[in-house]
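A, B, C, D, E and F are the chain letters, set down in written order, and residue numbers restart from 1 in every chain.
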Amino acid sequence: MDKITKIDIITRPSKVEALKAALNEIGITGMTFSHVLGCGLQKGKTEYYRGTEYEIDLLPKSRIEIVVCEVPVEKVVEVAKEVLRTGEIGDGKIFIYPVENVIKVRTGEEGVKAL
Amino acid sequence: MDKITKIDIITRPSKVEALKAALNEIGITGMTFSHVLGCGLQKGKTEYYRGTEYEIDLLPKSRIEIVVCEVPVEKVVEVAKEVLRTGEIGDGKIFIYPVENVIKVRTGEEGVKAL
Amino acid sequence: MDKITKIDIITRPSKVEALKAALNEIGITGMTFSHVLGCGLQKGKTEYYRGTEYEIDLLPKSRIEIVVCEVPVEKVVEVAKEVLRTGEIGDGKIFIYPVENVIKVRTGEEGVKAL
Amino acid sequence: MEDIKLVLDTIWVLIAAALVFFMQAGFAMVETGFTRSKNAGNIIMKNLMDFSVGSVMFWLVGYSIMYGVSNFGLFGWSGFVFYDDYTSLIFQTVFCATAATIVSGAMAERTKFISYLVYSFFVSVVIYPVSGHWIWGGGWLSTLSIGGAEGFIDFAGSTAVHSVGGWTALVGAAILGPRIGKYSKSGKSNAIPGHSLTLGALGVFILWFGWFGFNPGSQLAASSAEDAIAIGQIFVTTNLAAAAAAIVAMIVTWIRYKKPDVSMSLNGALAGLVAITAGCAAVSPMGAFFIGIIAGIVIVFAVEFIDKVLKIDDPVGAISVHGITGAVGTLLVGIFATDGGLLYGGGFGQLAIQAVGVVAVAAWVLPTAFIVFKTVDKIIGLRVSATEEQNGLDIEEHGIESYADFEIKGVTLHHGA
Amino acid sequence: MEDIKLVLDTIWVLIAAALVFFMQAGFAMVETGFTRSKNAGNIIMKNLMDFSVGSVMFWLVGYSIMYGVSNFGLFGWSGFVFYDDYTSLIFQTVFCATAATIVSGAMAERTKFISYLVYSFFVSVVIYPVSGHWIWGGGWLSTLSIGGAEGFIDFAGSTAVHSVGGWTALVGAAILGPRIGKYSKSGKSNAIPGHSLTLGALGVFILWFGWFGFNPGSQLAASSAEDAIAIGQIFVTTNLAAAAAAIVAMIVTWIRYKKPDVSMSLNGALAGLVAITAGCAAVSPMGAFFIGIIAGIVIVFAVEFIDKVLKIDDPVGAISVHGITGAVGTLLVGIFATDGGLLYGGGFGQLAIQAVGVVAVAAWVLPTAFIVFKTVDKIIGLRVSATEEQNGLDIEEHGIESYADFEIKGVTLHHGA
Amino acid sequence: MEDIKLVLDTIWVLIAAALVFFMQAGFAMVETGFTRSKNAGNIIMKNLMDFSVGSVMFWLVGYSIMYGVSNFGLFGWSGFVFYDDYTSLIFQTVFCATAATIVSGAMAERTKFISYLVYSFFVSVVIYPVSGHWIWGGGWLSTLSIGGAEGFIDFAGSTAVHSVGGWTALVGAAILGPRIGKYSKSGKSNAIPGHSLTLGALGVFILWFGWFGFNPGSQLAASSAEDAIAIGQIFVTTNLAAAAAAIVAMIVTWIRYKKPDVSMSLNGALAGLVAITAGCAAVSPMGAFFIGIIAGIVIVFAVEFIDKVLKIDDPVGAISVHGITGAVGTLLVGIFATDGGLLYGGGFGQLAIQAVGVVAVAAWVLPTAFIVFKTVDKIIGLRVSATEEQNGLDIEEHGIESYADFEIKGVTLHHGA
């Protein structure tokens, strides 16, 4: 069985469309998106609400999860780096996780075939 | 220590209630649900907003995460397949991940005992 | 390469601020937050809507994900336990997952350096 | 002087008409707030369109059926398109639209849009104008006399407007069947909470505000001291009935369900308003207070009855609020009318007339609505497909999301216990 | 002719009453919009119920205390339930309800529902009617004369309505204590943003609209040329004060907080409206403009003072908007009144009377409200438990979620810097 | 008797003024509902401030330019601050504010707040009052005579108010350029759905309601039988045009886009209202019906034309609704006016006058607005930075989130096909 891997990208919401398009181009079609709040090097800001200072220290971020078999992991990472890098803080992070198995509910196929 | 595994199910929101009920029946009580947007074989649709075409290509999906010790993984997968399969595109996918440890905050118990 | 680990904490939303502060104190600055619905030992409640009984059995929970290299895992878990424990049902659970790699998009750094 | 009187009458009726028009906003908000976000735009559109179609059709046809020269006291037939009293036309148009829009709430979240348009056509052209003719257009109910009492009393339309809407809603919702998931296999009713209690509440406040046009405007005149005094009193009776009903509905839910139910208390206020509509000019403030109390009790049990016994799925409680409390309020005039009511020594005459009116209107509306909806169902289908219903009418019927920026729950949080 | 005059007066007051009623919707939206979503239904319910309970109690009792035959100029006592002027009753009822509903905003997000009902009872039966009697019911303030000036001027109720509500809110919020998390251990104030600025803003627009009934309606007559001209001018003074105050509040926040604050500018508009309410018929448009400017400055500092110095947690700024700018606006009549104001050569007489009125009403309301809230606190408890507060009053007190379809943030995004 | 007539005229105009004021709430809701949640508070603030700045400036200056003693029929110049007819002042103020507020919708989501304030100043002081003077202040258009017909007919301001707002919006939106992401590199238009269709719809209902002040109030009198009858008819024509336009817009979108478009149908209702505004007192109900039908067709193609051909980004369709249908409605008076219209045998005279008026006003507004916006752009900049636009004006310009408790989509769900 080929190794299966999950790539978890956390980045700016405004980059999601471009990333999706770029990944489609290298043949990745299955993806899962979600909305998270991030806290990292990128700092929030201090604002006033009715005269009271408050800090916004959790920033809205988008998470894109892509499960692939081993070979294209580098490709995905490369594409992601290319699309997402602006050089400014907040570009985001990519996390790589091992996956033990994948099952496609409709067909019952398992492993790489399920992707 | 028994092996601990996470089962990550991404499927139609309308099936969540049924899946939860079915999992309860096989004795699974701990679950975590979240709302994601998915992009896979199931295609979105093209609509018009004020005369402008737009594509909805991310579909609302539900994610159910269940951490179990090894034995019932198959059982969970089986139940999920049974409940979720309609044979039509969009039935969803199941991802299996390794877990290194689990800690129950209240009691401090670790590993399988924490589940 | 040092081992990299993800710590996934699911707990009460009201505890998030305190947890974030405590983790900041031990030098953890990168974190990702999201909103989930949980189902565990903590039971929901039965309410009435317009005369019809209904059960709220999914409770709003917060998930905090922290990716660290091996050494501080115990520290994080300890801090989390300390901050989160009330002794009552609903304190939540901590899941530990293996991570294969991390990439920092802005710099291209990999592994522990990317954290 | 006659000029001044004409001005006073006209302006009063027109201001009232504007307020009654605004009730459309109230209905739209109540109905959208008490249903799910995936159908929010669809219900708005139905509200917009029943008013628009109704305005056009009532002008072209409906007004003539209702107020034209009477044929055997059954329906009017004269005028059509050209009238000389436009003040009356607009006032009656907004009343007709009120009856029409009641129905969208009960049939929400599953009715095909085009079929709803067809229904809107028929309610404005036939269903509402005919019974309206009986009551307000010089028809048989307006001259009915029993045991010394004469004339059906339905001052502002508990029956003529609200019950007509409510009974039509009943037929429509029954034919449609419940929303998917509303009843479990065992027949247990499940809760399907609305998506915005705040918009729903705003709608109720708007309706209450509009009712200060609906009831006092139905005096149709404001040029004599009697008019002025009557209108002042109608403000008071209208307000007291609503307030009392809201309080009582809250108390009843508090006792029955352990906690004071917000949406039912809001329904309670509406029930009080509907109930007092028939008798707002005929009862004293004290009578109004009691009518409100009764309406507040009736509404809670009516909602439960429709939901749990009849198992008809009425997402916003329209059948109970408008149909049932409309009928109850109409009957209560026979009891509380200071002139001719049972409690005031008037005997059973007026009560009997009220009962005849309530029954006659139901006997007209129920079968007619049945024919309309069944025919529509046969020819174009009344209900959307299961997939459309599940995905929501907004995206399926209109290609939009009403709340494009918000995360909407994919997970159904609630299910029956 | 007398008939026509009666009609004109009556209809005008009734239309104004309807507009003032609609302010209930405005308050409901402002209060719910500026607080958190987990309490949205609860605050709606409180608004609905203070109006409903108030309507009933003011009819049964309050109106008689306020307008009954005076006892030593202190309170009225006659009538009860049966009145002959229903137009006056409904107009005064909606004013009473305005005073009552102000309080729910300041006490939002932590007050027990049942205790709020008890408070609603007392404000409509005692607190509001007594000081109302002093000012409008023929009581001592209305006849007070100092240095040539005679009679406390509070045309539409900056003091009689708004300050009464504001001072009651002050006492209630102080006794309750701040919401959990509002102040950090070090005493620093934390921001707790409201859940819907759009609904809050809608509420402000509705209130502004309703104020065109509140102030001009308080002319209580519209049958002479003088009435007509006065009412026209009241429209202008009311509008200018609100506009000026909104602009000035915006400018002040822009300077102090670097950015123009939306919710404070909205509060600014309300502050202008409250401030001009006392003198809307007594000052010129230019005077109104300056009253608005002063109100726009006062409101910003008042909100900061209540929050940061007194450390009283008032989620919507009700104490500042209604209590403080109400008092300031009342005093300013003594300065800007074209007839008798300081700036117009009238000397200090009127100003002194205004000051006496402001102080007297505060001296009546503060202790009475204190007794009411403390008693309620002792007997049934004023505040919900910490868990209930954290989970939200919607689910805990009413068993509902107000926005069942929306993902609500579990994570608190904001905390004090 | 003269007194009574004065009272009747005054009170009618003031009630209408209150209704027209309330249209501010309608505009605020439409504009915020049809744009994104990250700019919801900013658009509210712009609506609040254009009204506030406009109220003050129109009082100080604008009214005198519009209604002061005419200079060559081009502009007025007398009065300033002190007037004797405050009823007229407030009525004209709310009309001016309507013109002003139209613009914020078209320039939404990218205009600097301070620049918008500057614009608000100029529209109330110069742009609106000058053309207003031509039409309503006794200026040259009001006396223009061509081919036997005399006087430009713009009863309630299709041109004087709506087109002025619409043309200003056109210039502003064109100079600003489209929102980021509105057009793809290839020039394809992308959909950017609004964040709350329900609030947008509520706004439309509020506007429709307010229009019952806007059009009938423009009779400016209600003291003779002719007034009363005219006002009644204006209610009917106004309502029928709106209803017809909503239906027709729905049908046109249904045919063109396969599904009935909700937001465009709502725009349709507004288009009907704008179109009938000029001729509401001059056409028959049947004429109004046809004007509505035409407006319903025009609006759909106008929106497409502005968006896809001119590639001007108008988030809420303000240019089309107010500018284009305003012009079309004004022209149609020359065709449908029962007295002097082409279809009624009046020849081309009136139509020519209408055309001259439409062109003249455009020829005044377009360059003046261009100068104002270009100057503002040069001196303080008209548009926010790209980062500010992406993060949203709420957080960047006001430091707030409008929906602090809700999860807002970080992921853009929609993009052009």
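Heads up, the rule we're going with is that a residue touches a chain if its C-beta (ideal position, glycine included) is under 8 Å from a C-beta of that chain, and two chains touch if they have at least 3 such contacts.
Computed from a prediction, not measured in an experiment: that's the story for all the values here.
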Other chains in touch with both chain C and chain E: A, D
Interface with more contacting C-beta pairs, comparing A-E to A-B: A-B
Whole-Å gap separating chain B and chain D, where each centre is the average of the chain's CA atoms: 45
Geometric centre distance via CA averages, chain D-chain C, whole Å: 51
Between chain E and chain D, distance of the C-alpha-averaged centres to the nearest whole Å: 33
Residues of chain B touching at least two other chains: 33-37, 47-49, 56, 58, 61, 97-98
Junction residues of chain E - those touching two or more other chains: 4, 8, 15, 193, 196, 202, 257-259, 261, 263, 399-400, 403, 406-409, 411, 413-415
Touching chain combinations (by label order): A-B, A-C, A-E, A-F, B-C, B-D, B-F, C-D, C-E, D-E, D-F, E-F
Chain C to chain A touching residues, read off their complex: 6, 20, 29-34, 67, 97-106, 108, 114
Chain B residues within the chain D interface of the complex: 13-14, 16-17, 33, 35-36, 47-49, 56, 60-62
Chain D - residues contacting chain B, complex: 390, 395, 399-400, 407-412, 415
Chain E residues touching chain F - in the complex, by the definition given at the top: 4-5, 8, 12, 15, 19, 36-38, 193-198, 201-202, 204-206, 208-209, 212-213, 216, 222-225, 227-229, 231-233, 235-236, 239-240, 242-244, 246-247, 250, 257-263, 265-266, 269, 285-286, 289, 403, 406-409, 413-414
Interfacial residue positions of chain C with respect to chain D in the complex: 37, 46-56, 58
